[in-house]
């Protein structure tokens, strides 16, 4: 039984954690999910490290929504840098599911983007955990999470591929 | 008996530490507060680490007020990066209560913002320490500290919710 | 038998990993290649660390394609910083083969640039692994990977040299 | 007997180390000062770490003067980040006394600013070393080093306070 | 017998390593130089760490030439941050001799600047290694490497001093 950690925030304006849980459960079995909600994105890295080191999680999905102001962009950079450090110190993947609040035009589109990115990254986390060689067949294929895939230089006219 | 560390600065123009202490005492019991005041925000991370490792604090609330100049913004980024590192090295949360001096229009509003953000983050720290699962019920709900909550994509017309 | 780790992404729009493998095999023998594909560039550092520490790789070639948006540029900086940290913690080289999506005018040129940079850095990795003193003969010679070499201040009129 | 480390540079255009030494000696006793001069600000962090770990210093005062060019501002950020890391790794304070070369209008004002900031931070270092609870009485009081204190939101008309 | 590590790159357009070696040999004795050439500046930090930890070097001189594009400036920042980290982890100085390709007007001036900065930093490295107290006599004197010294606020009319 593998343990998947899920870290999310009260700052975000969409419950991406719910999408992650639904998609993981629709994708496969053999894992248990442990959820840890923190106030904001800068609280995510230590929460992820605690889930890995104190709870034994094998991989983390970290959901956050950086705000639109310059200070929020700096916070996102600091949070991502922390997420990077935790991965390096623990040798565990943390799949970062960040949707910037200004990435979509309106609230409805923002919700749709959040849901889709969360689900597609949940699948990535599943494969990294259970079948790390799976993604090699899509190496260099221009995959995107939350948007249409953009394809590779080999098939520019075909548009993106779906996995 | 849990130990809550409080780090603040002489540079800030509002005594956020006082607000944190008042709010913590109004919220619950079972903890003792240890306060450590340093000159500026870049002195906060090592103070927090000393409180955790030398004094045994279980969580830290770190209050600071970055100045309005570009060099101050860089200092804030460095301080936040240090706060991040201390969390990652110690597996303890440090709740960062930073109010930028140019975040409010006048001194009076600045004081109100400082007081409110300090109090709301004090409550966050309390929950993370005594009931880490508490915040999950507000995951993705668009909570803000110091301002009105902005709500989630599910309830945009209802405006923010209060917890 | 040396072990060369190859990390690449599904986000990139060209299969640089394939170019690296072809060029390494055309350059010499005495090594085995271990490939690990991850979603995006921020997933590369921990993948590289796992290849080094869990699989015993002696050197890593890390291929990625940062997107054209400002947020992508930040991601590239965070990824590179992580790659730097992994090298410092493991004392192993990670040759970073990053091609920015907006570095070439069109998709065809982008593919050519990717292929060429990947191959020239594969050769660099080979030399660092098997003959670390090799590159000293080209110290300060203005070599470039993916573009024409620009030469040194000693031979500005001769243009770049090829190795 | 406490040991205060003093790190400064040949790049700076004012001998802030001299001001620090004078002010420390005028403030109290019970310490010895160990001085280490390096070329530039990016050489400061390792010098501070060597003073702490190889010489046993209890606290460091680090004086530097970042130049006015953009590349100098980046150097200042890197130096400050290194100073932060050394503090976190050693659990010792490093009081950063940086005066940017373009912070004052002319050379004379630059010298006055350097001298004053160095002296006021020397006092901060003294208190952090011998009486860490001293600064709490000035928490949130808008103290500044090198300039007039700006005061708190409680006393905006009174202007800054002096300690 | 001390061991001085020299790290340089094939990307640079001037052989600064040669200048460093010549100047060190003209300055004193009692050391041996170990040279390690890597492709670019981001490969320098781990090379320096390997020279220190695997070869026993006592100090490192690291020569590099960041390119003129924004992405090159980011690379320089990442490289410098890595050089900083290696120093902090090893307690050894790494004297960074970086000349930005756009720092001089033409190729000839670029070469002159490279040669001069490399030589003046070689002398700094020599003093830090054999006589660490030497530089204190020049503390706050406005020394520059590669350019004329700018002097201190005490002697603005005298211009720079030479050491």
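Each chain carries a letter (A, B, C, D and E) given by its place in the written order, and its residues are counted from 1.
Just so it is clear, a residue touches a chain if its C-beta (ideal position, glycine included) is under 8 Å from a C-beta of that chain, and two chains touch if they have at least 3 such contacts.
Treat the numbers as computed from the prediction; the structure is a model and nothing was measured.
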Only C-alpha atoms count here: how many degrees separate subunit B from subunit C in terms of the superposing rotation, rounded to the nearest 5? 145
Measure off the straight-line distance from the CA centroid of subunit A to the CA centroid of subunit B, and report it in whole Å. 26
Dist(centroid_CA(subunit A), centroid_CA(subunit D)) in Å evaluates to 41
For subunit B, write out the residues touching at least two other chains, lowest number first. 81, 85
Once the touching pairs are worked out, the chains link into a ring; list them from subunit D, going toward subunit E first. D, E, C, A, B
What residues on subunit E touch subunit D, complex-wise? 73, 76-77, 80-81, 83-85, 87-88, 91-96, 100, 121, 124, 128, 132-133, 135-136, 138-145, 150-154, 156, 163
Across the complex, what residues on subunit C touch subunit A? 8-18, 35-39, 42-43, 45-47, 49-50, 53-54, 63, 65, 71, 74-75, 78-79, 81-82, 85-86, 89, 107-108, 110-111, 114
